[in-house]
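Once you've had a glance at the structure underneath, I'll fire off some questions.
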Amino acid sequence: MSFKSGRHFLQIPGPTNVPDRVLHAIGHPTIDHRGPDFHKLSEEVLLGSRRIFKTSGPVIIFPTSGTGAWEAGLINSLSPGDKVLMFETGHFATLWCTMARKFGIEVDFVPTNWRHGADPQIVEEKLKADTEKTIKSVNIVHNETSTGVTSRIAEIRQAIDNAGHPALLMVDTISSLGSVDYRHEEWGVDVTVGCSQKGLMLPPGLGFNAVSEKALEASKHNGFNRHFWDWNDMLKANANYWYPSTPATNLLFGLREAIQMLEEEGLDNVFVRHARFAEATRRAVRTWGLEILCEEPKEYSPVLTTVMMPGDKGADAFRKVVLNAFDMSLGSGLGKVADKVFRIGHLGDLNDLTLLGTLAGVEMGLELAGVAHEKGGVQAAMSYLSDKAK
Amino acid sequence: MSFKSGRHFLQIPGPTNVPDRVLHAIGHPTIDHRGPDFHKLSEEVLLGSRRIFKTSGPVIIFPTSGTGAWEAGLINSLSPGDKVLMFETGHFATLWCTMARKFGIEVDFVPTNWRHGADPQIVEEKLKADTEKTIKSVNIVHNETSTGVTSRIAEIRQAIDNAGHPALLMVDTISSLGSVDYRHEEWGVDVTVGCSQKGLMLPPGLGFNAVSEKALEASKHNGFNRHFWDWNDMLKANANYWYPSTPATNLLFGLREAIQMLEEEGLDNVFVRHARFAEATRRAVRTWGLEILCEEPKEYSPVLTTVMMPGDKGADAFRKVVLNAFDMSLGSGLGKVADKVFRIGHLGDLNDLTLLGTLAGVEMGLELAGVAHEKGGVQAAMSYLSDKAK
Amino acid sequence: MSFKSGRHFLQIPGPTNVPDRVLHAIGHPTIDHRGPDFHKLSEEVLLGSRRIFKTSGPVIIFPTSGTGAWEAGLINSLSPGDKVLMFETGHFATLWCTMARKFGIEVDFVPTNWRHGADPQIVEEKLKADTEKTIKSVNIVHNETSTGVTSRIAEIRQAIDNAGHPALLMVDTISSLGSVDYRHEEWGVDVTVGCSQKGLMLPPGLGFNAVSEKALEASKHNGFNRHFWDWNDMLKANANYWYPSTPATNLLFGLREAIQMLEEEGLDNVFVRHARFAEATRRAVRTWGLEILCEEPKEYSPVLTTVMMPGDKGADAFRKVVLNAFDMSLGSGLGKVADKVFRIGHLGDLNDLTLLGTLAGVEMGLELAGVAHEKGGVQAAMSYLSDKAK
Amino acid sequence: MSFKSGRHFLQIPGPTNVPDRVLHAIGHPTIDHRGPDFHKLSEEVLLGSRRIFKTSGPVIIFPTSGTGAWEAGLINSLSPGDKVLMFETGHFATLWCTMARKFGIEVDFVPTNWRHGADPQIVEEKLKADTEKTIKSVNIVHNETSTGVTSRIAEIRQAIDNAGHPALLMVDTISSLGSVDYRHEEWGVDVTVGCSQKGLMLPPGLGFNAVSEKALEASKHNGFNRHFWDWNDMLKANANYWYPSTPATNLLFGLREAIQMLEEEGLDNVFVRHARFAEATRRAVRTWGLEILCEEPKEYSPVLTTVMMPGDKGADAFRKVVLNAFDMSLGSGLGKVADKVFRIGHLGDLNDLTLLGTLAGVEMGLELAGVAHEKGGVQAAMSYLSDKAK
């Protein structure tokens, strides 16, 4: 790569900027994954991950992507022909639904306009109507990375309870984990799916499943052939902090460091910080006179803000201008909002000044690309952030 | 970790020592996997991998372990109920067989004493006898990491051809790729399974499938549900150097560097170097009066040597002595040779002097552990290596 | 260190942010400084440094700081009792003068108000008046790091020539080299003093002397005892790319990489970039209603901007607010402007968005610290930068 | 650099192999050397260095090489015309003497055959004879890096005391510090000179002076002009953990880590380890039938062994064979033993197996280069090391 001065602004909603401490940890020489040093590492990451997911039960770590972790969640806890309730909250919910259907799972896929999260009331209604208890699982994407809408998991749990329905609750926290308040155990989630390259500030390559007793029980009688993804083989080995096949050792070095960093800052402080970045970003967007894709304030995502491109200008052309002029990557619109929106990632390892540099890049990019807008977005964000810093 | 002076000797048959150049490459900040820099990286690793597998066809890279790559190979090219021919060459062949059976594949698992490779003559006989052509695939582990026996793939190809049988040939090169001569295309292999943490000198976390046209064709009509492992989704995205789900970007940085390093040294030189290390090791073992597990000289592994533990001493106790006294990890016996053998890894990023340090650690360990042996093994290895250096 | 999210903004006028490529280069294992790999490294850095100083003559590299390089410059080319002409352009010029006096050199130290550079007209007058040619050297700080004022070296050269005076011209480019146009040979400079931690984007630890034939000749007859700093011993060894004592090998790895990066970007582009950052910064400062220390526009520094603190607020208290609230280091006032000014570094490895994050930190800091100012500084900088990006 | 498999064996007596932990520490982004994080770092390294030198008094750290630290020691504590007693123990003692003479210091340079250390009896005699107390300093190289001879500092201290002479004791510990038992305070040393790239396992670039009260007192009335090297300026700044000029921040990060590592292993264990390596090496050398340069067993160096080249073969040709065939750097003969000896470094970050790899490289190199020798050196070293490991 030829030299561009300064650091690239990687302001997509994941992968996020990997902090130097994590990069250094990953750069440690690989060790014997059957030796004593690995054993200690393994204990630290398996137990540490529980604290991040907020569960006292097992968290399984696969060398895979978030997509793999989705697949593991589905095929361990469900069976071919099972019925699940999902919400079309955006591109990733759609992909998860597509995956489930490939495995012969029947999905009741509730449509949305991609500007709202999963509706707890619909969950309650659907489950109450399911008097035969044929719905085996309610699958929700906590934070829709394609739209910047965060579904309300605690309310969905309440909805399931209100319906007195035995369905499992399965949640994708791929872009929320480590950035947005999340409580696997307290919220009675059965399967939480996560990955490494978002709030955990790691490179991609690790996928997670936090599993409840109920999900584990389901996995023992379910109908999918599987080997690599099998929870039970994994948990048997994990009981002694080993793995049934070779783990991604160097990413686990990074995970240990990332957990340490999140706990140094304090998870609650991390959540507050992300909320602050999100509010500052929305104030900028509104000042520019642009529209935020998410329509429901209580569902605003703390980790990314999706902005609707005004007029006829394509969002991708705009993003390209920003990349070329200011060396900043913004997220593209995906699926049915392709080229119609751009996404500003504000998660992971960043601070107020990085965020303001980011918003400045967007504001200047609007100018350069000839997109109609009001100036003052950065100024509005600064006012908010300096107030918060008092 | 508390400080032990000097570098750990990681002399297991993988993961291998990751060179600094690769560690540095992996430590590069993660980039947008939908941006132009990634696109270039992706092209380089997808095309570079073909040169390592020696194929002009596609090589698929999954963020996974070797076990995942096994699974991908099986469920893309076979169907439930298919019959395959495999050889019980050791622990890993057994695991692969177990996996296949979990997926409802019927395995004709030819037993061996774990001291020989897959027998080409048996392949020919079995296939000739299969007049109904019910055998869909012949699956061979090229280098049995648990025994140090290398099967003769070119001869097995010949056997299949002699039988005039249409079965696929599927080969596990997990511990041979990048260390032992291997020719996916020339040898008419249909599916080659590989991974990152052996001869490629990377940390674990990448799995590979090199696939032939015939295998691809089979994948289009086969009977397994799949999503994450699906070759066709992957190849459709790879055609433009993209991926259907998030790739393990930082390991791909490392892969680019590792391919570069293998090509700087020259693959043929790499193979000669490994053969030299193996012969030096065997000379040491014989001088010690110990027995090599592999009984067939033309099947000696260039990448590891498995040594039978004499007397009543357990091999694991011996390995522990070596680890504690000399900070060197040796491979343990696995499966039915557990505690009966130890394995000396001599693959990846090492040189003559590292190998001699390794053999010295074994020889001194035998002394310390009270294992009956003759001295002079290191001396014998030195004589061989200095001759070769002339 | 406990974790603060995001990267620290190191916006002091050096040490500057060291790019990852340089940090990685420095992290290479140390090599034998008498072996062939070192020999090649040494050739590359010794010749590459000439291109950065723009000279065809020797550049000497010491393992030292800029202070050490000052000392080397003085004691190689001058003798005790020699008279030199210097200008009190700020804190660093004062320190250099103090050093010279410690060595028994007589300094005619022309005072300024610390808001101007060295005056070429005074140089000409002083030299013309020195009919006895007792002045042996004119010593100028190219970029006064304490004030943000850049002296005009080409004009000073002209002044010396106008006076027809044989004095040496000695220039401190500690904070200008690699950021501001500088031409050792074309401008007839005899000794150029530089260091690693500013525009060269390296950690501190290397000091440089570029020397002319005339300076070398002077060094052969001068009167200071010396050994470590001796140019002639160094050049004798450097002729074959060796060193008389152990060089700082790992920093030289970094230097090789830094030269490569500067040449990838193109030195002229680097200078334009710094000038752009400086103008954007001044526009922000003026919008805030604050005063720039430098009074002479043609002497504005491209690498830092020194801002006068209005009212009674101490500049150091302000800097502390910024550090605590926004994790950004700004430069303090030094010497007689201590606590009266703060310095914004905008040199080395940064880009437009980093600069805007920096300016946002200053503007929010003014707000937080209760310093009277007008808002809109960042906005003004953005307008300028987006115009420039068109 | 093109790829050679395996790690280079850097078995010169410094620079030594820099451990990954130190390289990682050095790769940390440079920080503001006037900010709070630096302040803490500075305190840690200034106080930690005292524990390594074993003194409760100040240790001064310069960004320089060992040569610079020599110069600082001389010109702070002595005056032009002063008389000092030194011993020609080898090349480095000769260089130090040459340096002193350049500064107008009169050296009584006691000759040796380069096979012995400084003789305490001669010290006593010379000092007793110096009834006028004209000798201001006794300067000893603790470990002569060019010969592998270690002078007995405690006995020299005793000799000075026996003579009742007020001379300062100045000791060069460049290649002994952190590898060989050394006690600045207990042994009443006035100036100890050290550097980073030997037992401290750092890259070159730091020089040290540990100074006694008596030396400090001398520095206040001595006759050399100086600035950069001035102890008093440094100590004034160091009192608050600051520096008078820019310190080599990144090497200080490394120093902090190195001190931590030495203390994790335990300094006494470090010394025992080096003594073990040295004895193993000598056993190998004797088995080869080669002669060790050092004639006095109680002066054998724990950090390197210098071997006399038998017959007409040049030692440099032999070293070249070893470098080309086995990628190992050995130390060359310096000064009057150039090409007549080679030096095996066995200091810093290495373990038994690395040492045996090293000795194997030497033994094979002797074979390859056609140097007459007996085989079995490595075997002899192994016998010793396995005994020690019991």
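Chains here go by letter, A, B, C and D, matching the order in which they are written, and residues are numbered from 1 within each.
Methods note: a residue touches a chain if its C-beta (ideal position, glycine included) is under 8 Å from a C-beta of that chain, and two chains touch if they have at least 3 such contacts.
Since we're looking at a predicted model, the values are computed, not measured.
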Chain whose Cα centroid lies at the greatest distance from that of chain C: B
Chain pair with the higher count of C-beta pairs in contact (C-D, B-C): C-D
Chain B and chain D, separation of their C-alpha mean positions in angstrom: 46
Averaged-CA centre spacing for the pair chain C and chain B, given as whole angstrom: 54
Centre distance in Å when chain C and chain D are each reduced to the mean of their C-alpha atoms: 35
Where chain A touches two or more other chains at once, by residue number: 7, 20, 24, 27-29
Complex interface listing, chain A residues touching chain B: 1, 7-8, 10, 12, 14-18, 23-24, 26-37, 62-68, 70-71, 80, 98-99, 102-104, 195, 197, 203-205, 224-228, 244-251, 323, 329, 332
Chain A residues within the chain D interface of the complex: 20, 24, 27-29
Chain C-touching residues of chain A, taken from the complex the two chains share: 2-7, 9, 20-21, 260-262, 264-265, 270, 273, 325-328, 348-354, 356-358, 360-361, 363-364, 367-368, 375-376, 378-379, 382, 385-386, 389-390
